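You will see two complexes here that share chain A, one where it goes with chain B and one where it goes with chain C.
Coming up: the complex of A and B.
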């Protein structure tokens, strides 16, 4: 028996290590059969299963037990079995359910992307664009919260939160003590610290990176620029606390933001410390490696580097210019 | 002849004390199990009895027990789910209040069968009197040597603890209950792993309803085969039904499964018919989360047979024309009840009780509640009815735990069976505010089934 299990996702077969989830198996195939994931984060233990956008249909349980699973399952928390057959975008049921989930995620989310700092790098925006309906059917007032400052560098705006719980896992798993959690229940649940106590630890800034929406934002960057006007470059520094591998976001010659590097699944490659993130905002602090890889579908890549090349200029034609001038004067006289 | 197995001695004065309970033959099951039977024998008896979980899902208890993993060197736990908070269900509270030793006896036998040395009774936070009653009963049992070290000289140790919950409906879901028991936020866990593999503190755990555990006592006393003779088909034994609504005699009744619904409602022995001479309009047969049925469908199945109080008969016809026995919360509505208002009330409850972990339930329950509120108060539109069906469909089956289903089913079924009442609310908002739709055709005999021949 080989130590790999074979699984077929949307008709494409892939061999993965036992214990791999359907989502990660799909990510190994790549392309548009990868289910979207708003709450699952491979670097955060225990995450996933909550947002329900990654629902897939298991049409064959395994080679040993070929019965299909009775309900759609969360692909981020279901492990593959030998011979499992999964339908994602080939199942109308899945596409329909996902559309329903996206609608649910959006009914209480303020659709104010034009004034949201996350626009352009927002997973929910991508999700709604790719999988959602064009119009909302929700006709009631959306729930609102006051903005909360979590420390002097991070702002929490619960209106935009989709309760993916990622930031609470960051607080639990990257730092020494548990500083934030969920209070309240149902659609009144909110991310909170202990009675607005500031979160103060070296890695708290990572919650900004893991937030899929604009609920947690970097106060040092807020409203400085739309993200598609900035140019991301990879850079590193010798940092005693973290790996020091970051992305610098340039606007003109200024570094206006520092974030961790993200992979193709929009997940942070390595978490970075708050010193790198908030305090090192000069080019001299960093060793620049080169432009960051940005998906061609992202709005950030509309800011092409090659457009910095001077555009071809039309050659001057003196005879034509003289003729035009003559023409202009003639019309003025008449 | 209807037999009573759980509430046989309920009318004996002082049955809540150990002394009287012993005189009525109490703790015989403990003596029999610990002295004469091996744990495997007890599990076998429960399997033979065909006992099905009384908390709502109706999963065979013996099978659930046999799924319990038994790794070396790891403790196993039995947790009794006494977080009864389904609207319309109040049987466990009745049982714990009046005959607490029955539950404790059941806990001892069941823990012995599963090899658990520590067991918990997780009681809903609002039931403070019941928590005190149970604690007193546990102290009595311990003093009499039925709990603690080396019970009845058998070498078996058991500690039994009562754990008050915080009063959240979601903590009745077994994995949320376990989270809450561990002192965490009561969010359901994502399954697998199931509690039988990894439950309380990562150890194999069985979670059973109060009534299921209490039923184990008579199974051990009389034997599993004897228990299986009570009831009908695969619905064996007796069931506590908490009858509420506009009935002449609401209350907790122990019925033999297989009793007809009609007899249960109209017989003098049970509910004694509808109060004030009203006519029956609809019934929720198993607690608020099961589909509601109009009077004609609850009394007869679509084949024209009498509907019986059993897992199978109530589920006859699937969700199109059937419902579920659920936890036995039998709510009857008379002709003056407004189904729209009632559905709104249920969805208000599920909105309030959704834990907020997964998005369809968190957002969808609130959405349904708002739309139903609008319909009930005369601001609805025809499109709202289809919208509700669609939202319910999007929640159902797409959530981590069954709370999403429980929120969607009452709404979907109310619209399925009472659509014209919803439409009437839209067409005549003023009439709907002042009066109600009445009985309409909901009690009319069902048309005979016509089998089309081609």
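Coming up: the complex of A and C.
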């Protein structure tokens, strides 16, 4: 018996190791058939199964038992079986269910994308754009909370939280002691640090990166710029605590934000420490590798560029500029 | 070769007769037309003293709107600048402080908002992109000026005056 099992996802067959989830099998194929995931995070143990956006239809259970599964299943939690057939975007039932899930996720999510710093790189924004309805049917008051500062560098907007639990897993798994969790149940659930204790840990900043929405944001980046006006650049440095591989977000010549690098599933490649994230914001601290790869569908690529410093449209002529100094100064507003 | 469409007209050119050759009737005819126009209504409008009526979809100078309570609507989301094909718009966002709730509608506002009127092509895409109904191109023609820097309009020129109708 071979140690690989064969599954068919949307008509594409793939061989994966036993025990792989349907979502990870689909990610091995890649492309449009990968179910979206808001709560599952491959780097965080135990994540997944909460948001239900990755629902798929299993039309054939396995080779041994070919009956379809009675209900749609969460692909991040269901492991594959030999001969399993899965439908994702080819099943209208799944597409319809996902639309319902998006509507539920957006019930309490405020429509403050123009204010939110996550806009442009927000997973929920992409998800709602691709799968959601344009209008809400919810008629009641959305639940609101005050903003909470988690430490002096991270801000929690509980309004925007979709309770994916990713940040609590970060706090649990990357740190030694548990400092953050979810308090309350059901509609009253909210992210909190116990007794509002400030999180003081070298890797706490990663909860900003794992947050799929704008609930946890970088306070040092707050309202500095919209994401699509900044230019991401891959860089690294010798860091004693982490790998030091980051993305620098440039606005003009200034680094205004440092984040971890993300892969094609919008997951952090390697977690970075708070020193890299918050304290090293000068070009001289970093060895620059080159512009980061950004999907062409992303709004960030609207000012995409291939070279770090694009060639000037008009060649600079120093002699001419000196001669026309007065004229040039007139073009600038003092 | 025969023409395919048959739409071609062949003009006949006859030699001019005596009256046509001396040109005087044609000259008097032309003068009569000129003279007749002296008694007609003048089409010239003396701008800027007199202004022609704009059409309903006229796009002129931008204005940043206030809401019904007189607070600025703009939240500096940057969508106007993103949609601007001429890259005429720049802005700097700032956070609303406590006590400024009467000035700005959202927790973020545009501290600096500049439109370069020389770059602007008045396409109206900023108006369409705005999610807060904050910018409209409902103003007059942008006035002329001498220096390039004076065409960079800041918030002092763009934000509309507060609506004071408290009687």
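In the analysis below, the second predicted complex is superposed on the first by the 305 of 334 C-alpha atoms of A that agree within 3 Å, B and C clash if a C-alpha of one lies under 4 Å from a C-alpha of the other, contacts with A are read in each partner's own complex, and residues count from 1 in each chain.
As a convention for this text, contacts are C-beta pairs under 8 Å (C-beta built on N, C-alpha and C of every residue); 3 or more make two chains touch, one makes a residue touch a chain.
The structure displayed is predicted, hence computed values, not measured ones.
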item: Chain B versus chain C as contact partner of A:229, first or second or both or neither; value: second
item: First (chain B), second (chain C), both or neither touched by A:257; value: neither
item: First (chain B), second (chain C), both or neither touched by A:160; value: neither
item: First, second, both or neither for A:27, with chain B first and chain C second; value: neither
item: Contacts of A:277 with chain B and chain C, given as first, second, both or neither; value: neither
item: Most chain A residues touched (candidates chain B, chain C); value: B
item: Partner chain in contact with A:331 - chain B first, chain C second, else both or neither; value: second
item: Shared chain A contacts, counted only where both chain B and chain C touch the same residue; value: none
item: Residue numbers on chain B that touch chain A, as the complex places them; value: 168, 170, 185, 190, 351-360, 362-367, 370, 387, 390, 393-395, 397-400
item: Touching residues (chain side chain A, partner chain B) in the complex; value: 48-53, 55, 71-72, 74, 77, 97, 100-101, 103-105, 107-108, 137-138, 140, 162-163, 165, 181-182, 184-189
item: Residues of chain A defined as touching chain C within the complex; value: 112-115, 119, 222-226, 228-229, 299, 302, 330-334
item: For the chain C and chain A complex, residues of the former touching the latter; value: 75-79, 81-82, 93-95, 106-108, 114, 131-132, 147-149, 152, 154
